[in-house]
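Take a look at the structures below.
In the two assemblies presented below, chain A is common to both, partnered first by chain B and then by chain C.
Coming up: the complex of A and B.
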């Protein structure tokens, strides 16, 4: 521990402060950001199938976020990148637009899990269950499947596409109710028990989805549900008058892209407001020290339930959107690896940090959908060139390995995440920032730490 | 550190008779739960059959005729969960940490045993060997491999995180578990994803007893050798573990570390070494269970560890986590319950509900129920939270 105390103060500056130190606050930063955004956009538009150009283009969002420029400029540039350039690239290469839509769905999920895990410190390993609830809710009622449940109203199913927006709200409500139902029995449990129980809950929901095709066919069983309804293209007349003729598929792709981004924007706003609210402070108190929080009058049960419900709502809404976008869902989508991949996103970005959750979700989705497949292709090329790469090795098949390595290395080497929340950063680097007196108190727990443990 | 390693008295009795009693006492407890659980569940299904008899002809007869098989299946499943649960409970007792990767350590043991079997068969050694000798060798090799793996995991993934907030090592453990699944898959390759154990000629079924049913047919009840080996070996493991923890000096050190780590280190106990050894013992038990599973069910795959680990954790909680006999008892209760649900749910609903799937649902509901109503488990003592 003595070696750590001498860490120079410079190390503790955040990346943003360091960048500000280099480029200054003035026009230089603005010029660099604008140049970067424009160059990256032009590169991608001229090479719409290059993954590297795509990654450079997406990283312009990070540049916008990090560089010290005025907030209005950040908003305007962000709008330019996501609202103008990205849709245009989508007309050139649909795959890239889909990746962003997918990433947006996972960003919302990561933000929701971040409320539970990051804000309130309740480790939820069955989070994808809420996603499944939203998805199945819309899937069942937008297909003839619902007629099996309510035979008396059989002729009114499947519901028309317009109900989608109602179900977006219903998905939120249903997920919140399930969040409370799960929360009620497990509130008395300590953190690690809670993790296992939520894991079990996730498995139960998946097993139910897999088995509720008998005796009444509700969920379609292992085959899942196909031909899920999509929201109506209410803006089609506008497109016609503007004389834009695109295929229905392309229109829907753009439609879901915009909707996913809008939901992400709303979730970011909600998460930020929640974190800064009285509730958010209560969550922080619970996370830091439950006993002390009770002593200070924090209503523990209500706050934990609220955390569960609030986290679940994000997943419920995204589940409805996901089902409508893919038009097909089946139980394997909602298995535990999915839950853990969302957890990996939160951990990678930094628990409790909203920009962190966004970054983590975007990185892992990109890794899954773009970087790993490209790497697999590259491996095939290398193998043909004679490099010793085993025949059956396909990185796309080894997602678990990558998620696992992310979790291990992040917890050991950077537990505060890539974009740490301020408070957690301070907490995890406690011994560096405070004097040696505080360090002594810490030693009580660290007695067997390899650095300071008694060696016999 | 409020949780004790086990419920036995901490001061060990020096007389040999006392030692013997202490080591063998859990077997009595387990017997009570085996018999009591079987009787209770058997009575419940028979009553249900009587109640539902009006709807289905021959229901009672069907229920009674499969009952002994269900009990034996339940016991095998129960001892499987119990042996894995011992690893959870040992590590939890010492570190208060859920070793999430323990299910995967068990899976690695199953693969090591199977790989050994295939290698021996390819060398032509397996045919010349008595099958029981192979079982013993495979169990020992797998125990060693799994134990060393557990020590390695502890050294590289958990030890750097000791003293961090509680959830941090748990997340690292989840990572380890995912990495192990895919590493084994990578090493086994697609051809060996479903690893088949070589067939062992262990002889036929051993008849236990005969009984005549109301319908006039004679019902022969027998047990297969694999199940018998399974049950006997896991009982031996329990006794050995009990001996290790309660009688040896190492066991005393483990208990001391479990009770109070800083004080134990002041008493000259090498805490890091003891924790590593605890992981070794827990991992070895898991590896042994893996081989036994492979011999009994003949096929293993890299994903068997996850659900088995979850169930075993349920068993450990059911019995009272941190309590060795509790883990055994919890495993047996859970195994019996699952076997009953998976057979009789299908039978009673005429195949409309798939029993095995709902058996998993039932065991998770039990986990939630036990945590809500009796968090200390069947045999555990109430642990108070220290401030």
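Coming up: the complex of A and C.
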């Protein structure tokens, strides 16, 4: 047996590397990215109702992400796209701004679920429950509902809008507490069993929301809660002095857009920093080999609870924002299908991958809110023009089918997701890269073991 | 006083007595081997000591403090780590990350410090990486720090397991068949590495091994298990000539051939080099 020198595993070139190979690292890349961003922006601004222009514009974020340019340039261009052009487009077409806000909400949810499923490897099928907890928390206390719970303080409810910011924090704390509560009983469970319990937890929260209108009306039951409070427009005087006259609705749209983006930025930062620390390493170790992890000193219980709690916080904060934005919530928003869609976003993007979760959530939200409805409209136009498209065929009705197909094809052809995490890619392409070497090691073991103990 | 003391440790799996009233006393800075046929309860004994199994009887102490009832991570924090018979690395983490996971109990940043990237967090992280690189140097894997653990060759994986175990600054390290599946050259390297654990780092070693050449060469003390019982205990020379051990495990021929192997002074005085000199610079 010679020393088993290995040739380095054949690296699969990532898309980023391939792009760098074509355009090079220098000014060419920068020029292409800037041109792309500017052209896409101008196209959208001159056609603010064209879905195609909108998609091309949003794709400029991917171009910024993929092309080999300096980090400061990426940040600056990202700010230009999301911080300047997008809000301006929002003044021309509010629908487009809303879609991005909605996508941002789901991005935060996907990032949170990614902590639990992707980092720590704990399959959670009831994740939307934490979103519901945040949403109901603000909904109850910013409406007269809270008076039913605490009659002695009835006159202080509904709380003023300013409390919204306090409740963003409270939503985080409440979700974390419920994360731990869910975590405690399921710690000894793995795989399928864990999935079933979390599924049950999600349903319990939804059913509580649905039925806690008797004997005391806390959640408003199936009717949900309306007229949820909104945060105050504390910057209104500034708008006045700048002579910007917009309707309250438009201002709130922009306001929630900015807040959702800020929360997403914070969640990305938190997820990245956690992952890149002893905590993240412990999570990966648990995912890889639980027994080895505990033998190396990783406290299993604490780390799993931390994963549940940390993942839940993202959803808690976004729940508060969601309730304030929509001003109406009801139990069906928080059903199992919603949990599954968030999981689908994580899988589509790539489990354990932060850019993946962002892309997966954005793509699926866009598909649901923009692409399928627009395709439906297009079909109607074509039918009127005489094309043989059957009456009553509506792609929006096939949303879930489409969803399912995407997931099936992803798991078959690209199981590591669109923007895979390095480890997952390695894990899933094991056979191609290393199969022969591992076989060799096993042979060696078989060779040596029989005469073990006889050697001198 | 002995650093590690197990007394009358017992473990039942249903009706099977896997470990039957085994006692083992290990002095500080010594190398002790546990040998015996497959299924004798050696690995089960390791699993009890590291807290993966709960014993059904007996006491285990490290530095006079009881370990029974502690969780595996608490036992690791007290200063006992191990390697595994069937290598259990975190294959999709890098070599460096594997060692950093082993350091978990020695790092103390909390979630806030991590999320806020506090100064103390950054310092701790930098120190941890430096220390991990030193340990990789010690086991000869520095150049492979950024490769995935599973891309390592078999012998390197064994060494990485030892490096990862060292990361928690253990007082006692349990090696479960550190030379299994190795060719003679690799076995020699492994022997050398185990000796350096004790000589250079002052760590006490208990090892399970089937390679009698290695066991006889390196151990100061040997315990023999058979069907869960300790059937013999003593210096390598005593074990080699113990008729019960020969019958249960070694076999007549092997015991005779071991007699021709270069003998080892049971308790080598400090500073006296034996066999090939250890490479300098460690």
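In this text, the second predicted complex is superposed on the first by the 415 of 456 C-alpha atoms of A that agree within 3 Å, B and C clash if a C-alpha of one lies under 4 Å from a C-alpha of the other, contacts with A are read in each partner's own complex, and residues count from 1 in each chain.
Quick note on the criterion: a residue touches a chain if its C-beta (ideal position, glycine included) is under 8 Å from a C-beta of that chain, and two chains touch if they have at least 3 such contacts.
Quantities reported herein were computed from a predicted structural model and do not represent experimental measurements.
*Asks:* For A:383 in the superposed arrangement: first (chain B), second (chain C), both or neither?
*Replies:* Neither partner.
*Asks:* Report for A:327: first if it touches chain B alone, second if chain C alone, otherwise both or neither.
*Replies:* neither
*Asks:* Name the contact category of A:74: first (chain B only), second (chain C only), both, or neither.
*Replies:* neither
*Asks:* Touching A:291 in the superposition: chain B (first), chain C (second), both, neither?
*Replies:* both
*Asks:* Once chain A of both complexes is superposed, is A:414 in touch with chain B (first), chain C (second), both, or neither?
*Replies:* In the superposed model, A:414 contacts neither chain B nor chain C.
*Asks:* Looking at A:270, would you say it contacts chain B, chain C, both, or neither? Reply first, second, both or neither.
*Replies:* In the superposed model, A:270 contacts chain C only, not chain B.
*Asks:* Now for A:123: first (chain B), second (chain C), both, or neither, which partner does it touch?
*Replies:* first
*Asks:* Which chain A residues contact chain B in one complex and chain C in the other?
*Replies:* After superposing on chain A, chain A residues 291, 444-445, 448-449, 453-456 contact both chain B and chain C.
*Asks:* Hey, which residues of chain B end up touching chain A in the complex?
*Replies:* Listed in rising order, the residues of chain B that touch chain A are 97-98, 157, 159-164, 166-172, 174-183, 185-186, 189-190, 261-262, 265-266, 268-272, 275, 306-307, 310, 313-314, 317, 349, 352-354, 357-358, 360-361, 364-365, 367-368, 371-372, 375, 385, 387.
*Asks:* Taking the complex as given, what residues does chain C use to touch chain A?
*Replies:* 50, 52, 71-73, 76-77, 81-82, 84, 88-93, 97, 100-105, 107, 109, 111, 114-115, 117, 121, 125, 128, 148, 150-151, 153-155, 164-165, 167-168, 180-186, 210-213, 249-251, 253-254, 257-258, 260-261
*Asks:* Contact residues on chain A for chain B in the complex?
*Replies:* By the definition above, chain A touches chain B via 117, 121, 123, 125, 185-186, 188-193, 195-197, 199-201, 203-204, 207-208, 210-211, 214-215, 291, 336-337, 340, 343, 347, 392-393, 398, 400-401, 403-408, 411-412, 415, 428, 442, 444-450, 453-456.
*Asks:* Under the definition above, what is the set of chain A residues touching chain C in their complex?
*Replies:* That would be residues 1, 3-6, 8-9, 269-270, 273-274, 277-279, 281-282, 284-285, 288-289, 291-300, 306, 310, 423-424, 426-427, 434, 441, 444-445, 448-449, 452-456 of chain A.
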